[in-house]
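Can you read through this structure? Questions will come right after.
Read from first to last, the chains carry the letters A, B, C and D; within each, the first residue is number 1.
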């Protein structure tokens, strides 16, 4: 780890990529369980209000959802390709793929923005009168919808920032073909965000 | 607290006594060993220690015995609990409403009171509801407790076995006056109860207020 | 010794970590240092400050309860006191106490490493800790005052009350992240940074328990994180999630809360158990009894501890299957703890026992933890739990476990390791006096709670029926005795830090673990050369010789 | 492990570009499949089907994109422990709700 270089004298600069990945995976578990907690809430409410969830899910636009899923899956591909490129010491290609990843992530967010604004336009948003007049199952469905996709969107935004930093690191030579653990860990994070969406998508858009 | 105030007292108390007995036994055993060892093998007397790395048979023994004991305790606890959830069909039903910070009781004939009046030796079923936040219906002398939630109902039941007055308290923190959310159960013989039950509202209210003075 | 010795470049005496001058000087050298030992000291100072605040709130609560009715404060203030007491003691004291202070300081040393795996992350978690702590305290001065919900933040009261619940929730959320980062760091450290000759079964038992704790921190904490965040979202944006007024299920909140908070109990107690396993062999001057059983029981506790959360909810009206399963599993979780207690006791057998202050606290730990554990088993028995749930029986029980257990282990660790950390010895006699006062006061304070709880005294009560007055009175008197003992103990430490006898001897107590083979206080890099571990850490080959050396 | 492994353990996850693209195509195909399956009226199996397909997708991402396949045993055990913990929470929670 480069961090250790700071504390230790120069004689034994210690880099432990495997340790860094181990730490990253542990962090991913916390993310996984963070969302897992919300999936717990989702599954209990779906269990207790099956009909209302079923009907409420029809409000969501399956086409937009599918489109967004495709975008996110593709961004995962470009992410992993950028790592493969840096492994082959192809700096330019790696930066290009990272740029593509960011672009796709931005697309995802733009879509999300329009999807949410349409809902807001219909008066379906947390605390709105339209929603509060609905049955409790609908309130819960949309509450979870906003919170879960919202928190997921937040993770996408964080991902965009981190990948942007990585692009800079790659171009400045901090991330290189024999020291790319930072980029690799970014990739791990990005794929986890993708995995969470893989589950969010059918549970909110496809259970009609 | 009078013994045998409700039908659950005997079961709960016997499990409790059993577990206290087991606990005291182990506590005394451990404590005695610690004290004896600390004296007998004290540095002043025993300069050279013996290294004993372990003893598998002992480990197995002291894993097995507690396991058996806790499983026995578990079983009695479960049986005692089953009694509390299996409500007999012939029970008289009372609706209990909890709100910040008082209890109210509504009977099948529409009568409403601040204290719970029940006949002795008859099963009483309680339907528990809350109008605001969580509360818990707790009658220490009867060994019953049930949380009360808004928008959903819970049930509890009991048979009062002796006549008398028992305290109802709130056992789930519910804000400012949580500690003043008392009421009472008045258990009376069948005849008296029937007399009270058929009596008109005003008559009952006056005695009610006098008796619920257990607060403060 | 080791073939691959690392050259240090200096032949003379290495400066200790206390004197070491890195990039930054003075106070910056501390708050920007990524050295695990300095971070440990940062935690020591901050955790103790919060501990004192927690004690003050506890003291005020007991004072209020000395007589029925209003004694010193109003009900509203009292409710805020017990919330603050709970939040501070749980999130700011007992969870970080042993792992963050002694884990940070000694875990790398015990496994022969120079630092933890991610030193900068380590510093970050201290900053998160401080941020969370300040956020919790900020609510005291904000209009509306601190939360009055109790540390459990049960829905729907926590979305109804006008007090600053959000501050407490966010504080707990941030502190959770601090705890996660510490756990993540320790797991990686144990996997990656053990000295090459230290295989898993050569690890000291405290390392085993830190490792098990770290896993629970990583896996369970996110659940509370998201749960509290959902409550914040519910409060701020009125999103329907748990609030029954919006169709939510308040029992689901309790489930999620306890999915974390029960494992959290083991985050609190496991490190304490590690300390006990560490100290007993040293002062019995013999090897520990049943090393592997103790090591595996730590893992078993971490595992089973995650399966029993709903025993906090036997009265909510769960399904019968739920009640049955959770009661049964709760019983099972008692077994590994029992195994530990028996092994510790057996370690005293044929030892050569020295009742030094750390050992006194440890022996008291076994006694108090046994009471805590056995009363815990009682609550696993559903029929009994129905009676004692949410009464002062519970309060007594968990103070026996948390304070009598973890707290006493923490005090033992202070007496055991502080001289090593600072190179100054405290007054042994004063330490023993303080111990007996604390031990006595503790029992006077908490034992009456067990009795009145069984008799039906609900917890979180500002006022009570006259029949409970004697118990409350005795309990309050106990709190004064306990606090007197604490004052003596901590003044003893403070005096020792300023004018205590200087110690430079490496091995203060005759321990066999690695921290006793390095300088006192440790140098910046801990080890001059990579330590070689030949056997598991509690082999006392030549007891008497070690004793002779120590006496010289 | 301290100094022994000081040498950078650069991971050897150098799969070819080809396999990544193949996996990506697989993921897109599975997405299509899950959308199509949602259109069918298969009653209570809807959710099960959706979850199985989602798990398959997640498995692909985990093993190939996240290189879990070529990681050491420790990583695999770690993932199993985390998933086990999550599974336990679901199972025990439903011990209360589904009975």
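Just so it is clear, a contact is a pair of C-beta atoms (placed from the backbone, for glycine too) under 8 Å apart; a residue touches a chain by one contact, two chains touch by 3 or more.
Source: prediction; values computed, not measured.
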So the chain most remote from chain D by C-alpha centre is B
Counting C-beta pairs in contact for A-C and for B-C, the higher total belongs to B-C
When centres are defined as mean Cα positions, the distance from chain C to chain D in whole Å is 36
Dist(centroid_CA(chain B), centroid_CA(chain C)) in Å evaluates to 31
When centres are defined as mean Cα positions, the distance from chain A to chain B in whole Å is 48
Going by residue number, chain A touches two or more other chains at 12, 16, 18, 22, 26, 29, 32-33, 36, 40, 44, 48
Among all residues of chain C, those touching at least two other chains are 6, 114, 191-193, 219-220, 223, 247, 249, 251, 255, 259, 320
Residues in chain B with touches to at least two other chains are numbered none
Within the complex, chain C is touched by chain A residues 1, 3-4, 6-9, 11-12, 16, 18-20, 22-23, 26-27, 29-38, 40-41, 44-45, 48-49, 126-127, 132, 135-137, 139-140, 142-144, 146-147
In their shared complex, chain C is touched by residues of chain B numbered 1, 8, 11-12, 15-16, 19-20, 22-23, 26-27, 30-31, 33-34, 37-38, 41-43, 46-55, 58-59, 62-63, 66-67, 70-71, 73-74, 76-82, 84-85, 132-134, 136, 138, 140-141, 143-147, 149-152, 154-155, 167, 169-180, 182, 214, 216
Within the complex, chain A is touched by chain D residues 2-3, 5-6, 8-11, 13-17, 20-21, 23-24, 27-28, 31, 34-35, 38, 46-47, 50-51, 53-54, 57-58, 61-62, 64-66, 71-72, 74-75, 78-79, 82, 85-86, 89-90, 93-94, 97-98
Within the complex, chain D is touched by chain A residues 12, 14-18, 21-22, 25-26, 29, 32-33, 36, 40, 43-44, 46-48, 62, 66, 69-70, 73-74, 76-77, 79-81, 83-84, 87-88, 178-179, 184, 187-188, 191-192, 194-195, 198-199, 201-203, 206-208
Within their complex, chain D touches chain C through residues 1-5, 74, 81-82, 85, 88-89, 92-93, 95-99
